[in-house]
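Next come two complexes built around subunit A: one with subunit B, the other with subunit C.
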Partner chain A sequence: MKFKAMDKKTIPGVFHNNTFIGLVLIAVMFLFGLTVNHNFLSPKSLENIFTNASLLAFASLGQTLVIISGGVDMSIASCISFGAVASALIMKGSNANIPQALLVLVITGLLVGVVNALGIIYANIAPLVMTLAVSNVLNVIQLIICNGSPTGSLAPAVGFLGKYKLVSVLSMITFLLIIAAIFVYFGLKHNNYAKQLFAVGNNRNAALLAGINVNKVIVITYIISAILGCLTGMLLLGYVNFPYINMGASYGMLTVAAVVIGGASFAGGKGNFLGTIIGSLVLVNLSNILVAIQLNDAVKNVINGLVLLMILVFYTREKAIRQ
Partner chain B sequence: MLAAKSISKQYGQTKALDQAELSMKPGEIHALLGSNGSGKSTIAKVLGGLVGKNEGEITIDGKEIQLRSAKDSLAQGIALAYQDYSLVDQLTVEENLFLNSSGTLKMGFIDYKKRFDQTFQILKQFHISAQPDTYVGSLNESDKSLLEVAKALVYKPRYLILDEVTACLHRDQVLVLFDILRKEKKEGLSILFISHRFDEVYELCETVTIFRNGKTVITTDLTKVTNDDIVYYMTGQKETIKKQHNEKQAAEKKEPLLSIQHLGVGTQVNDVSLNLYPGEILGVCGLQGQGQSEFLRAVYGSRKISRGNIIYKGKRLTKFSPERSLKSGMAFISGDRNSEGIFADRSIFENINISRSALRFIFHGIRLNKSMSEANQLIKKLDVVIGEIGDPASSLSGGNQQKLIFARDLLLNPSVVLLDDPAKGVDVKARSEIQGILRGLSDKGMACIYYSSDYKELTAVSDRIVVFYEGDIIAEFNDISEEIESDLAAAMLGATRTEAE
Partner chain C sequence: MHTLMIRVENKMKKSQAYSAYIMLLLLVIINLLIQGAGFANVSTINSLFLVNTPLILATIAQAVVIFCGGIDLSIGATISVVNAFAITAGQYMPVPLAWAGAFLIAVLLGAVKGSIAAYLRVPAILATFAISTLLEGVALLILPNPGGSIPSSIYSVYGGVFAGFIPISALVIAVVLIGYGIVNRRPLGAQIKAAGANPRSLFIAGVSVERTKMKAYVASGIITGIAGLCLTALASSGDPKIGNALSLNSIAATILGGVDLSGGWGTVGGAAAGALFLGIVNNIIFFVFNNIIHSSTFAGIKLSYLQQLLTNIIIILGLSSSLLTHLKKRTEKEEKDK
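And now, the complex of A and B:
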């Protein structure tokens, strides 16, 4: 009996452990990258990979929570775009304006999250559709506030966060992400909200009967996601240096991919931020390798899609559970 | 004549049918009676081609036939109307009626105009208040039941099997349906009528077959048997039905902990009043769908109450939600673990601790060490067999999963626990352990309302039993012993009501 139980835990455990396989995958990618480009693992190149992956991971943090709850948030990209454009507009290159910018971003995030959640809960609209609709509205608002061409510039403090290098491969952004990851790790383990979030995602009926205020949990989750999206926009502005329209557009599907590669289930109830970080690294690595191979864009996209498909098929396989 | 001879059907370990015999003659309405799990629905499904038999043969007019699918059965002229509908909600009434038969063809194409007219006629005949292009999803339960019968008749069968189709019908609808069935009978249709309502069986049918534990006990003319005989054949125990009242005992008890007055829930619960006293286990008995589940959920606050009052700990409840109920010491345990109890992917610890988490401030921290040791104590106390406390709940057996849900509620020290068939699909050992846990807690003053579909389970655990029938309490038993089991079985079928009328 005891032997059997150990068997089940240790042997397939490693191969079904998404974190482990993710790390192996990243190592393989590094090696492959090295064969394509000798400078692939130079400090400068690594720093670049880590920083880009960190930005993606920041954008995907909210997505992780939303997917755990059993939904999906397609409005994150528009929050990033809005966050970048709006904060440049408000900061006007001065540190003194940062509090106002943060206030506007948080309030916008709050509104976006509440609208998303209310549409999903009370109008019973599918999360994908509801958040896409809100995303379109927010994109237009982004255009309206800057009359179609972004003005203003980032405050020096934000530029410092976005570009400062601590040590050779460790940028400020990566450092911030590590702090956030530690915070989230303990938060997910020790916080009532996290336990309720997982429960809601895993079995909504049971959550309701167990006394959880399901609607409250969902509203909070979408609010967190939208606020984090807006703040990521500010960070992205710090990294890129100047705002442009639809800056965050490419992050939309990438956040979903990062979370799913990270081992979360679209059915909800499963997922963790460490997995999402690994997922972000995998995605950024993949795109860097494809750039290094110097193929034309169409072939690049096809390979990108195929590799992602392979990763998802082999990597998110479930260990059979007893029913 | 359609005859099923020595049919046996095994589902895993349980024998649903054991050498069962059944025959249907043309121009006859034949009743099939039996208590829960006696194999009525199984034989219906075997004849409908949905379930393959293990042994035995089915013949039509002496020739053996093979029924491998519903299509085979329809080809042989056997149509089945199901208790839980074979209708597609997203299609219209017309499309549903002609789902499997195109109706009249005109030059190889469906004659839509004629089909529409036919549908219109059928709806009129059945008094269904819907148009042919109404979506079935928007119909109410009783119209769906009628439509289910109409659909079976569209196939123009020679043998029609009706599996508890009257369960959701109002009296006037039943009369309409019976008129139609009698007319079809005169034209030579053979009907098998499966029902739990004795009065309807007497009204409609001429002959009856009674099943008990998958075996045919008797086939006879209905004029030759009395109500008591039928109960005897169904339960195997000869007892007359007597409604017991023991007001004295109730008066001796203290103030009720929970007092429910004239509670109504939609159409499922009409008017239920009962008192629950501290330290009491109140059994609720009844066939499926008599309103017990809705009643328990309404008290717990997960279903809306239409009428009536609930007085709990001396105060009238005005706002209802599971959250509030749990906060005030009222817990609920569903037997439907997979969809309403367990968080299969989450750890055993989380499953136990979740209700406590739910009742605290949402961003409150969890003191893992303390909570873990409390959870471990409960696991020991309830004797839950687990690997590690961090393993997912799906690693446990059904009985142990159910104990986890008990542990979840016990962590909150509830004063009332509402149980909706908690031992469903749980093996005998775990079942008696669960009952032991409840007994132990009720000795300490906790009160339970315990619904089970199995009356044997109730007589083993309850202090008092009420019987639900069609949304009302029709009988109450105060002296619980094994002797009342046959009375319970009879009351579950509404027998006392039949006598009173």
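And now, the complex of A and C:
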């Protein structure tokens, strides 16, 4: 009982609000970033932070839904990598090829989502393990379609989405995210699927007894997650300008961390997209600070792992047996 | 002779890893059909064990954790750290000391994982996933680039043959299996499985669930350390990413070996059989690709990619074989109910 201080009743309520904690963290990081680098809050740097956070938030949107349903999707990273490489290969720098690229991405997302869900539902494999295994397969497929070295280039329209700046700190990607956030906010409130999703995440048996087709909800959730991952890959390509192998690899962990910082529960049934956006901002800030103090990839890996571990210790502890 | 076979068969049928043994037997027969009798000579068997010992040991380590209701996604990264440390430290101190240090690190990491999963009660799958990211970074810090070497005597011992026909690597596996077999006969073996199957009952029986889980994680750490040293002896060099794939492979192999992921069900022997199954499947794929298809590409695809793809798909199929375990578990329960 050493951790009694963590008990809900002993801490004022506002500290249990993840949005509040997230905002405080962002403020602290801004201040810390300023001390490290005087240009940390310049419009150019802010625009960079917002755009990167928006990309992460797009990738994490599907993860939010999956975690609300009580699972976790580790195949998003490979979907992003595949999406970027495949769309560059298909678009070949021409706007006329965008529909085909979109079609391929959606079909791939559909397949990945269905395979994930089938393994989880029928073979009873833990979601984390199943989606990791599927992501390995998709990574190899990514290598196969481009034979090891990505070719092709992005269409001008995708480049416009990825790089155009509306106002000094507001890029097109951030603008798209704001629209998506408004859409998701109202969608998650007044939508049959959303209600069923939360019910499934809260208590699967109760949802089943209430007549919800639980398996259908889970399949749809994983499909949405995979398709969004593939489309984020296209957007990332627009932002980065050229494809390379395993482009989205770093997003895998970050999406999970963003969702959990945003206040979702790994047990399911809890979470919202606004929190995920704030979580994305926190993580992008953190990685920008790590870049500002010039750490190499290995140290970044260590710090990412430590941060995730800390988040887990704070948010996902199970009850003791004697309780 | 006949009665003996029936007795062996009955004993196997009782085993929780029955499906794993049968699958392994079928695969060996298939392999003999494809590769001919040449497969069954000492050097082929030796190289089969040589290559697969790290996976088999990692799978046994994984199985011990899964028995107690946990899971370890960081076994691969731990093995990478062991490898990186043994190679890097071997340049500055006597090699035996460096290897002992690498082994101790694995045991210590087992204790860390155990304390986070058991005492802090963070879900093991998430905690070890975070630890795996952390350790991948640590391995890169210790050894930024692949390289280094080991004294050739270590490799020749590890790759050697005992008494003319028993591979040394198989002996290592046997020692680990017997070691855990002894643990399994003692109360601790039952307690570890109870911690996975029904922790509440274990608690009511007056045994500390946390301490039991901790012991399981430390035992797993010890076996992981041996696996890491075996992999180092096999590779004869260092690579900070050398073991990373073993995490998922060991889980797939554990499930293939008839161990239930929800804990409390299965045997380490079954787990080893599952890992050997995966090893032989890879062996067959390798054989087919190298001896039957005589070009470096197939339908315009590089063979190495195709091989990776097949291996990964087989892992998914292996994961799906948990259906068999559930079937076996149910029939056994029905028999008991009668």
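Assume the second predicted complex is superposed on the first by the 280 of 323 C-alpha atoms of A that agree within 3 Å, B and C clash if a C-alpha of one lies under 4 Å from a C-alpha of the other, contacts with A are read in each partner's own complex, and residues count from 1 in each chain.
Heads up, the rule we're going with is that a contact is a pair of C-beta atoms (placed from the backbone, for glycine too) under 8 Å apart; a residue touches a chain by one contact, two chains touch by 3 or more.
This structure is a prediction, so every number in the text was calculated from the model and none was measured.
In the superposition on chain A, A:Lys195 contacts subunit B only, with no contact to subunit C.
Contacts of A:Val28 after superposition on the shared chain: neither subunit B nor subunit C is touched.
In the overlay built on the shared chain, the residue A:Gly119 is in contact with subunit C alone; subunit B does not reach it. Between subunit B and subunit C, it is C that contacts the larger number of residues in subunit A.
In the overlay built on the shared chain, the residue A:Leu103 is in contact with neither subunit B nor subunit C.
In the overlay built on the shared chain, the residue A:Ala206 is in contact with subunit B alone; subunit C does not reach it.
When both complexes are overlaid on chain A, the residue A:Asn136 reaches subunit C alone and has no touch with subunit B. Of the two partner chains placed by superposition, A:Leu166 touches none, neither subunit B nor subunit C. By the touch criterion defined above, A:Met253 lies against subunit C but remains apart from subunit B after alignment on the C-alpha atoms of chain A.
Residues 321-322 of subunit A contact both subunit B in one complex and subunit C in the other.
Subunit C makes touch with subunit A in their complex at residues 71, 73, 116, 120-123, 125-127, 129-138, 140-141, 144, 199-200, 203, 209, 248, 251-252, 255, 261, 300-302, 305-306, 308-309, 312-313, 315-316, 319-320, 322-323, 326. Subunit A contributes residues 3, 115, 119, 122-126, 128-130, 132-134, 136-137, 140-141, 143-144, 147-148, 253, 266, 297-306, 308-309, 312-313, 316-322 to its touches with subunit C in the complex.
Subunit A makes touch with subunit B in their complex at residues 5, 9, 189-193, 195-196, 198-199, 202-203, 205-213, 216-217, 220, 265, 269-270, 321-323.
Remark: subunit B residues 300, 302, 321-323, 325-327, 332, 334, 339-346, 350, 353-355, 357-366, 368, 387, 392, 394-395, 397, 408 touch subunit A in the complex.
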